[in-house]
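Each chain gets a letter, A, B, C and D, in the order it is written, and its residues are counted from 1.
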Amino acid sequence: MTRVRRLGAALLGGGTGTVFLLLVLIFAGILAMNPAFFEGPSLMAFLKQAAPLVILAAGQYFVIVSGNFDLSVGALVGAQVVIAARLIDGEESRTLPVLLVMLAFGLAVGLVNGLITTVLKVQSFITTLGMLLVLYGAIRLWTGGAPTGSLSEAFRTPGRLGIENVPLIGQIPWALLIMLAVGAGAILLMRTRFGRVLLASGDNELAAKLSGARVDAVRTSAFVLSGLSATIAGILIGGFAGVSAQVGEGLEFTVITAVVLGGVVLGGGRGTALAAMAGALAIEALFTLFNQMALPATLRPTVQGVIIIAAVAYAARQRSRPGAAAPKSTATATPS
Amino acid sequence: MTTQPALSMRGIDKAFLGVPVLSSVDLTVEPGEVHVLVGENGAGKSTLMKILAGVHSADAGTIELGGRAVSFTHPAQAQNAGVASVFQEFNLLPELTVAENVHLGREPRRRGRIDRRAMNDATATGLADLGVDDLSPTAKVGSLSVAHQQITEIAKALSQGADLICMDEPTAALADAEVALLYRLIERLRERGVAVLYVSHRLREIFDLCDRITILKDGRLVESVATTAITPDQLVTKMVGRRIEAQFPPQSPDTAIAEVRLRIDGGGNDYVDGIDLEVRAGEIVGLAGLQGSGRTEIAEAVFGITPFTRGTIAIDGRDVRISRPRKAIAAGIALVTEDRKAQGLALRQSVKANARLVLDANARVHSRQRPTRIRGILSSLDLVARGDDQEVQFLSGGNQQKVVVAKWLAAEPGVIVLDEPTRGIDVGAKHKMYSVIRSLAAEGLAVLLIASELIEVIGLADRIVVLHDGRIAGELPGGATEQEVMAYATGRRSS
Amino acid sequence: DTPAETPEADASTEKSGDEWFVQAEYDEQLAQRDIAPEGDPNTPWLQAIEPEWVDTTEFKRDGGGATVCFSNASVSNPWRVTGWITMQEQVAVLKEAGEIGEFRSSDAGDDDDQQISDIQAFVDSGECDALIISPSTTATLTPAVETACASGIPVIVFDRGVNTDCATTFIHPIGGYAYGADAAEFLVENLEPGSKVLALRILPGVDVLEHRWAAAQEIFGDSELEILGNEFTGGDAAEIKNIVTQYLQRGDVDGIWMDAGDGAVAAIEAFEDAGKPYPVMAGEDELSFLRKWEETGMTAIAPVYSNFQWRTPVLAATMILKGEQVPSEWVLPQEPITDADLADYLERNADMPSLHYAKFGGEDLPGFPDAWRDR
Amino acid sequence: MKRLNPGNFGTTALIYLALAAVLAVGGIAVAMDGGNLFATANLVDMLTRTSLTGFLAIGMTLVILCRSLDLSVGYVAALSSLVAATTMDGRAANLPLAVGLVLLVSGLIGAANGAIVAFLKVNPFIATLGTGLILKGYLDTEYKGPAGDVPAVFQQFGYTRIAFIPVSAIVMLAVAAAAIWFLRSTRTGHHMYAVGGDVDVARMSGIRTTRVLLTAHVLCGMCAGLAGLLLAARFGTGSAEAYTNLYELDAIAAVVLGGTLLLGGKGGVAGTVAGVAILAVLDTVFNVMQIDPFAKDVLRGAVIIAAVALYARRQLDRTARRPRFAALEGRAS
């Protein structure tokens, strides 16, 4: 009984719950516009499209919850796709080695972001803004301005194909399976010691340090995880649609919005990975709804802006309603 | 002569998250009266004060100031109505100067511009009035000692020329000398007819200072009596609802002071120097000294926060180099820090998450101890919480302190340093903390205890090491007199 | 005809939804498609449609070795990247010949204000013998271009125009209406009446792109095709594939009209992945699309916004500095690639990367093919 | 000698030092390339480039000091340029009306931002990203491209120079001076430091924190309005497209380069002006040296990170406690 009530409160009340409410509302809207959306194949297609953003949201979640930002993920996704195309250059046999190179590159970018933020004490907004510029420029410098080369069929498989001929559903996209694996991984990781220390570090850096936590190390790991998730997202996006000069552009803002929509607090220490990923799903569903409604394309940003503000305001109200000023701390633990 | 009461609160209700914190509380304070509000941690004292200060608004009830009904939705309104407050948590901006903090929100202006000179002058005068001469109005608050920060807070409240001044545990961070200053000041306020509403856990203070006592328990009014009409024992019984026996629990018979567990030889750094110290298994060593004498610095050095740059530390006879907290933890040292909110707890995490933080953060410690025992530790400390999923920010101070202690006990340390473990916690919780400290010693831990209330050090410690100006001024046996300790602490005597 | 009479000049006062449609411009461009340009068809970048030659002796300068300055809007898309390489290769040739001594360029990263500063900096330096400008937005650079003209050096504007006729020459292919019409007419011709067409656009508010769509709307309006919608994609392949996939879930799409070829392949793949028959498709002369077109054998057309126009301005600069006549408005030919010449263009560009433009017109430059291939 | 804002002096001095260093290094690099960075044309270029980012960054400083943020300024500037140009409609007589209207509209958008942050308690990052999106939709729907016509007199604001200093730069510096005065000498300005330092403390000290936050956002919006006026003057028309240039990120970078803490409570407009100048010098140097446009992005990113790392290092040192036995320490080691 209380369990049910607590679940209800969690879903409809507190900051995290808002996203599930929003998700239900959007899906209801889509259902009203087009019941066929919930048939297997189109639902699968939706999930396939949503997978990269959900994966990025998982990565961004780690960074945000530990008290930082990662604005470089969009540029990193773009860079990864361009690197893949240029290095693979249509040769099937190069797929695997290039995937390893991309993995190394993604982890390295995350590591550099993390070290600059933690060791050099540069606020992560600036670190990753700088990284965004560096990646954007460097990758174009390397390819002379526009992507060259092409992707192999094997490279494109995870993003584009799936398990075919499944009854009722048609195709189960590999992207969906990868998304589920990453999602489960993220949720499980937050249940480990690492996850708990990460949360504590985002909440009160000093207390975590004095408890022996390697705050810098876990925060750096969060950036590395974000780099990893951007790499996976890059593989899926590149696989899904191939190379184009604009891949990844603006994704950083979409994904941060998604995570915040999921009730994760910018500044760290609060929010769950599941809700962050649900936020990403909600954003994708919102885009689908706009499409179903045939909302004039130029008006969509306006509606999107209103919904995001409303949802986050609603969540903030839910959080702050009981007990106005939460006891404050004079902690030096601060998001950077 | 029928004067209106300075303050009259009637039927105040307040609930947080649907949990009632105050239920129809009445409070009347007369002009020129020093009125103390007492009660256990979480009784609702601070909440009542914050309602009066306009920080929270009451769910029900009326407030009258000098006979005029008021209702505040913002602290500014309370200030304008003549209510000044010193809150329990520090309410200062470290980046601003003393003068800027004192006048925050009420900066004096000349021709539309902030008049910094007037601000500094007024602050200097205010501080002189307080009898404080070693605090510059232009000093940055972030660089001050805790005591000076508290003095700044008090100066801030006094500078408002209020008719009613509320102070929530103003002496928690003050040493005796400053406490005396404050007493004198309150005396003067009383003479001027200013009403003072005071919150304190220190019994002596209550009886020395106050005219009237209002006792809260679980958010309800127990009684409001004149100080002269009640004895300390009766007061404690009314607050806690049961009798608290002797002030300090006796040493348990099987406590054996054994081998040296912590040994410092010639320890020193930028803040302290020439520290020679030994703590044995089963022994409680008290560190006494005035504010700024370097007690916390020794704790921080032992724990690797600001390590010693000279001298050596040995744990259980083995020399260790402690360059950061992780190393200290690995060596079996625990530190209960003096500021539990800033340094001890991740406030938005659950009780459980906080209690297992040390285990989570330290792999080697982890293997020594199963997290499942944490529940046992928490219940042995009599933690009162709505469950171990409750966020610690919603616990009362005493219970928060228990969570901090629990997190360290989980790591099974050999040496535990307790820096002001009873700061701001109530009589019952203090008593519990005393027994915990005793039982830690009985279990064979070496305990280094720092407490500003001399009586605690004297009552609990087997030996007292007194600091003066960053150096050890002398050593006394447990049970020494306050005069003996103060002689060393003030530098009047040195060994 | 001069740039001053480009539609933007009066469009600013209009407020209606079709503010981008100017009938006279539309009629003119559609007509220009059928006018044979003057000049050698082997060097289309030197051809001109109905040129009005102007005298440039005032700018004549002896001795070659001129300093030519170029204020570039950006190289932020593959079309501009390709053109920029072509221009640099052309400059190399002219440097070799001694006609250009120094070539200075600045890149405004698509920021109008930045480009105004760039132009001002060139003018202030006093060292440019001729100034080439590829404006990032039509209307907003007008004052800066006027200032440049006033400084007395020849000013050459290409690609997008400005609202002033002070430039010595304004170089551009026929234009957006023609582009949009080529694509739309092809769809009308190749689709049954009642067929459904989806329009994929990159951004709103950019004149060259808006003209394409305005022309298409004009033609679709007179046809019996059903326009399912027009969507902005930012040119992002993933976005394009998402959108097309969603439309395909809701029903059939028989034709795709795009205002630029970026991501055309992603649109086609959406049909493949959904197991639907290929649409009738209007893309662009980007090789990725041409190759996909050939591979699938679909019914398609590649309208062209002649990339070879990037060669013309530097050539025009040297002509002007030699006092030779140039057209005041230099309209370059702009012909779509059809099924008939698809194979030819694929062959010619066999070595080129997939985001290269088939009608880049640099095959005869000494840097070919390395400069475009190994950039 | 007037005291600068608490603890600011060190950082501000450091930033001007950094600016001098960038100028010196840039000057040497340009000289080795055979040019002269300090030629009048280049000086004019640097100053011209400071104006636009300058307006935006001054406003941004105010909100960042309050621990807020405004990601919508690029959109506000674009909208303002359109409001200005369409209201002027080529007639000089409409100038006062146009300027007034721009400040009103931009101030109102700022107020909306402030209200969403202060009353609805939406994180400023999301709140202003959201209003930015709302404005984007409006601009895309309502203005398909440039609109309006700016009379020649007003174009002077964008193009005229006094000696070699562009009028726009002079106006920007005047606004900066006003902002410095505002922060130092008015209560509201002073309270911005308090609100950014700790809202709870500020509120409990009797400061109307929502009012302060609202004021900061309104002023920030109006600064973006000024930027929009400058855009209109330079473009001769209004342009919705202007929002694509991510001016907001430039402005934030300039503010942080100027030593203002992104977490609020510390910094000032004097530093911001230097931050803007550093970016402008870099742009000019890159341009004069004909650096590849993509290499520019790389260098810009690297310089921003490096500079902020430098300040961070310095700030760390300054937070250390006063040593009591430092002298002894020296002897011992």
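Rule of thumb we're sticking to: a residue touches a chain if its C-beta (ideal position, glycine included) is under 8 Å from a C-beta of that chain, and two chains touch if they have at least 3 such contacts.
Here's who's who by UniProt: A = Autoinducer 2 import system permease protein LsrD; B = Sugar ABC transporter ATP-binding protein; D = ABC transporter permease.
Predicted model only: the values in this text are computed from it and were never measured.
Chain pair with the most C-beta contact pairs: A-D.
With each centre defined as the average position of its C-alpha atoms, the distance from chain C to chain D rounds to 36 Å.
Between chain B and chain D, the centres computed from C-alpha atoms are 43 Å apart. Chain geometry summary: the mean Cα position of chain A and that of chain D are 30 Å apart. For chain A, the set of residues that touch two or more other chains comprises 145, 298, 325, 328, 330.
Among all residues of chain B, those that touch two or more other chains are 55.
Taken residue by residue, chain C touches two or more other chains at 75, 204, whereas all remaining positions touch fewer. Working note: touching chain pairs come out as A-B, A-C, A-D, B-D, C-D.
Those residues of chain B whose C-beta lies close enough to touch chain D in the complex are 53, 55, 74-76, 78-80, 85, 87, 91-97, 100, 104-107, 109, 112-114, 116, 138, 140, 142-143, 156, 268-273, 294, 306, 309-310, 469-470.
Against chain C, the residues of chain A that register as touching in their complex are 34, 36-37, 41-42, 45, 49, 52, 143-150, 160, 237, 240-247, 249-250, 287-288, 291-292, 294, 297-298. Those residues of chain C that touch chain D in the shared complex are 8, 11-13, 19-20, 74-75, 104-107, 109-114, 116-118, 120-121, 124-126, 137-144, 147, 204-207, 210. Listed in rising order, the residues of chain D touching chain A in the complex are 116, 120-123, 125-127, 129-134, 136-138, 140-141, 198, 200, 203, 249, 252-253, 256, 261-263, 292, 294-302, 304-305, 308-309, 312-313, 315-316. Within the complex, the chain D residues that touch chain B are 3, 6-7, 184-187, 190-191, 193-194, 197-198, 200-208, 265-266, 319, 321-326, 328-329, 332-333.
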